[in-house]
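What follows is a structure written as structure tokens; I'll ask about it next.
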Amino acid sequence: MIHFDDLYRELPYTKLSHWLETVPSQLASWHRELRNSKFAGWQRVLNKLPELATTDVDFSEQVRIGDDHSIDAGMRAKLEGLLSQFHPWRKGPYHVHGLHIDTEWRSDWKWDRVKPHLAPLQGKTILDVGCGNGYHMWRMKGEGANMVVGIDPSELFVMQFLAIKRLAGNPAGIHLLPLGIEQMPPLAAFDTVFSMGVLYHRKSPIDHLQQLHDLLHPGGQLVLETLVIEGNENQVLVPTDRYAKMRNVWFLPSAEALKLWLSRIGFQHIKLVDLDQTSTEEQRRTDWMRNESLADFLAPDDKNVTVEGHPAPLRAVITAQRPL
Amino acid sequence: MIHFDDLYRELPYTKLSHWLETVPSQLASWHRELRNSKFAGWQRVLNKLPELATTDVDFSEQVRIGDDHSIDAGMRAKLEGLLSQFHPWRKGPYHVHGLHIDTEWRSDWKWDRVKPHLAPLQGKTILDVGCGNGYHMWRMKGEGANMVVGIDPSELFVMQFLAIKRLAGNPAGIHLLPLGIEQMPPLAAFDTVFSMGVLYHRKSPIDHLQQLHDLLHPGGQLVLETLVIEGNENQVLVPTDRYAKMRNVWFLPSAEALKLWLSRIGFQHIKLVDLDQTSTEEQRRTDWMRNESLADFLAPDDKNVTVEGHPAPLRAVITAQRPL
Amino acid sequence: MIHFDDLYRELPYTKLSHWLETVPSQLASWHRELRNSKFAGWQRVLNKLPELATTDVDFSEQVRIGDDHSIDAGMRAKLEGLLSQFHPWRKGPYHVHGLHIDTEWRSDWKWDRVKPHLAPLQGKTILDVGCGNGYHMWRMKGEGANMVVGIDPSELFVMQFLAIKRLAGNPAGIHLLPLGIEQMPPLAAFDTVFSMGVLYHRKSPIDHLQQLHDLLHPGGQLVLETLVIEGNENQVLVPTDRYAKMRNVWFLPSAEALKLWLSRIGFQHIKLVDLDQTSTEEQRRTDWMRNESLADFLAPDDKNVTVEGHPAPLRAVITAQRPL
Amino acid sequence: MIHFDDLYRELPYTKLSHWLETVPSQLASWHRELRNSKFAGWQRVLNKLPELATTDVDFSEQVRIGDDHSIDAGMRAKLEGLLSQFHPWRKGPYHVHGLHIDTEWRSDWKWDRVKPHLAPLQGKTILDVGCGNGYHMWRMKGEGANMVVGIDPSELFVMQFLAIKRLAGNPAGIHLLPLGIEQMPPLAAFDTVFSMGVLYHRKSPIDHLQQLHDLLHPGGQLVLETLVIEGNENQVLVPTDRYAKMRNVWFLPSAEALKLWLSRIGFQHIKLVDLDQTSTEEQRRTDWMRNESLADFLAPDDKNVTVEGHPAPLRAVITAQRPL
């Protein structure tokens, strides 16, 4: 039984109190309609996690809970056995009592590229759309955010997040909710909204940008990261079929086109702050993610094109502001 | 702007946390659809109420906040001027800093009749359906209830309650919500549910009893007070037109019929604990309720019949238990 | 696949065209949510029914389609084999090509008692609430009604009706819909509304009467038949548990009480036109209804009381008019 | 009072009978929520239209009802006075009893370009999305279509259509409904779906193409006309602000990009059948449309660019098939 009472206890004290008008009924529906056959098993694993309360955590430089000496080898082996049942781990890495969860992504590298361009997070209310298992949410807490909410419909990611949260002693002010962005009302309440790795999965990128806009408090900052292509403001790639073996990829605009779209929606201060071709060092198969990874998605003989012949993944980070 | 954030802050800590799935959206709808043209005026009056924080309150023997000496005569006159704008005051009396709000009803007399038959309220979660301005809710707090919720759709009663609550220093654990019982989900969560003076206004008394049943936690106590007639278990009066000048009176069963209905719904330990013909001392015109009152509803020459010729108001109190 | 296109073709030409705003989506939902495990089997039986188009029908004096000579004995045996699979047959009797469907009820006797009190049905639009398999609907057609709609949520009754309708050559202007009365909008469109044998099954008889009122065109006639008890206008029996072995019996008012309720709702010209204690000749076990019947529901030694000790079934027919 | 009973009478006889599950309630909502302050006036004009039943109509070569001799000059003047109150007339031209309604658009020219590429319309069920006042719908009837449905949310266009339909003697099989495409369920029932001049107004062109796909019967033909730009399959123009003075223009893909999108949705046999830069002869100010027109939307000194500097309107017609 996953419950969200700790969220409901915190919301009335934040700028998000009006969210209570919709979110509890959505989460109750989610709970009634759980369909993943593995969910009950995951829940048992979660309940078996030992109580290892520690105050030695670091979310500022990494996501680290305890260290090599905070538990013994037997307990560490048990922990590894439990956490490995949440395979595959995509976003990370996590360091838990000396256990190194080496995830598919070096999400810390992305954070290092993004962080210099963020409005200060200290004391802020943050939304992370498509947050995965919540890695970046911990880093936001590490920057002093007051309330970090992530949304991602994947049930596995919720369980991974709850495992880390429990091991971190269930801190307040950080919540991952199993919701899609289409379930979010236009709250106009977040100081910063992150959407990283989401836009290219949307059939309607304009509607996505509009939703992000409407979630931001006036004056708030959008941090948008998505796949782009090279080219001028009229260049947009829509794959005929798959892109890097993914079926659900729709619009890959150029960074210039994306900036124009943001402008059209009404954003201001639109800046391309990072452009980076993903390397097979940043995204790769590991012991904690044993399925195919980037190396399998690129042409064997040319790392600059996907197996389908599209340009290899190039990721832009753009920041923008909802006008005051 | 009436807001309910204090309710939302408390709910997750009570047995009522699942109520968050529906109640915030209902209260937001209520606020959007306010139609009483006097509401804005009432709100201004409420905002003008002085801050008179006092710890000298008594809800156990009466509803008293401060006394003759807690404010001066000028302030008392101001208070009277403000509170009198919430005319008519039906349920009471209230004693506020030496001001005696002499209401239409001596609701304290009813409380004295009911109280000996109540399961202890100490630490309990209570619902008062059709609570009026909330007089009995304060008395429930006086008995040590942890959480008292009243529902009544009248906007005036909400304002009267909020005025008293503010003068009492906005204590936690007592909330009047502008809802009808048909908006209540079957929470199965209250230790005690009061329905006093409601049943005879319902077109479907069976559905009302079923709703009360479904609001109670298994093992919880129902306290039902309604108009009855004399007679055996097959005696039910449905007025052809009005009853005591009221248009919306439907079923007046005998106490025996009412007990049978409760049994049919599945209640146990059904007891008639009080039967009382309302006197013109208990319900009467006062300075704080200057409209017609009981004396005007009874036949001039026979206080035992209403102006329509029906039996004069006879009120039964029945207690019953939802089975464990 | 049961479809209702013939209804939809007729509705726009009747006073019921506004019903198209709700009824097709309700019937589509019904079809999607069919749950009776026997339904598919019934449908196969229905599809096997022979095409025996005949113009020799009588709905005026009885419900008769063809006669002893319209088909041969072999075909009659086949017909009997098919129709018997829709056991139990409660309302009737039906005479189909010489086959006598001897149903539990002599519904023709009830019709004979009701018919003299009906406003003329010639050319009218009629609703039969709780119509069972539709026996009385055929008799209404026999009186010249233009459009007869029956509603009854039982899936078996729908199949029985469709079987008879097919054997009658699928005439226009007669439709049985698997709906409950709570699904009916206030159409204010029927010239006559029948509710026979329904009211005592309703938890809220007042709401039932109100719904019937709101379905009638102003000036239209209500024909209400229900179980009553002896007594004055304050006499109402609510069985503590079962009545004649039925669980879902709620209010059995006296005829006088029922007339008062109708008056309270706003009906005019309220008349008790028939009062009849059901005999074991009128309701009994037959070859086409082999379950328990009235004789099993009455006390073995006293036919005037039920097995539970309640008064034996006494049925009143009341007519009333919605004011113009 | 606009009613749609004639539509409801026809639907059950067509492949669209399941549309009755949603469309009547939508049209009833539309009628309740009419907001255009001119609507009542338009309705009076409509009711004043003379009854001029004529069998002399031509929808095949033009849209012509009667001719110079079918009514006298006085009646023609009256007709002109009435019809001119539905200003502005955009799509046409219409020839009504010798009256030439010279509309902004020579929609007949577009029809002449499209018609050679259509699957035969004889006997077919057709949808025209964004049909304007319905000009092309008449031409579809002229090709022998059995059932032509147009949808367009503009209340004025509905009135223009109803005026023409009345003058044409209210023929069956042609209906304009005040609906947006987002209100259309995936009927999978139309033989041909036209979407002309709509796509560039949609925030989500992919969703639009998907909706069109889902409206078509398998094997049915899509006829898509929209603004395009020159360029390869990765070229898409999204205007930063206005396009030809229109605010609500979103995606102008190249024809190649559009073909790719159609392919991605699952369409087959995708063909660019026409590409045409709109001339100021085809779209221009007339007596029946006295507002700004194309000449005002183009740069004064270069008819190949809009006033904003975008490429001048270039329109592609693409046909495609929903797979069987």
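Labels A, B, C and D are assigned to the chains in the order they are written; within every chain, residues are numbered from 1.
Note that in this section contacts are C-beta pairs under 8 Å (C-beta built on N, C-alpha and C of every residue); 3 or more make two chains touch, one makes a residue touch a chain.
Model, not experiment: these values are computed from the prediction.
Asker: Rotation angle, chain B onto chain C: superpose the C-alpha atoms of these two copies and give the value as a multiple of 5 degrees.
Answerer: 180
Asker: Shared interface numbers for chain C and chain D above half of all numbers used, same, or below, different?
Answerer: Looking at both copies, the contact residues mostly coincide.
Asker: Based only on mean CA positions, could you tell me how far chain B sits from chain C in angstrom?
Answerer: About 44 Å, centre to centre.
Asker: In whole angstrom, how far does the Cα centroid of chain A sit from the Cα centroid of chain B?
Answerer: 49
Asker: Any idea how many Å lie between the Cα centroids of chain A and chain C?
Answerer: 60
Asker: Name the shape of the chain contact graph, picking from line, ring, star, complete and other.
Answerer: Graph shape here is a ring: one loop, exactly two partners per chain.
Asker: Mind pulling up the chain B residues that touch chain A in the complex?
Answerer: Checking each residue of chain B against chain A gives 5-6, 8-9, 11-13, 17-18, 20-22, 24-25, 28.
Asker: Which residues of chain A touch chain D in the complex?
Answerer: 203-204, 206-207, 210, 229, 231, 234-241, 250, 257, 260-261, 263-264
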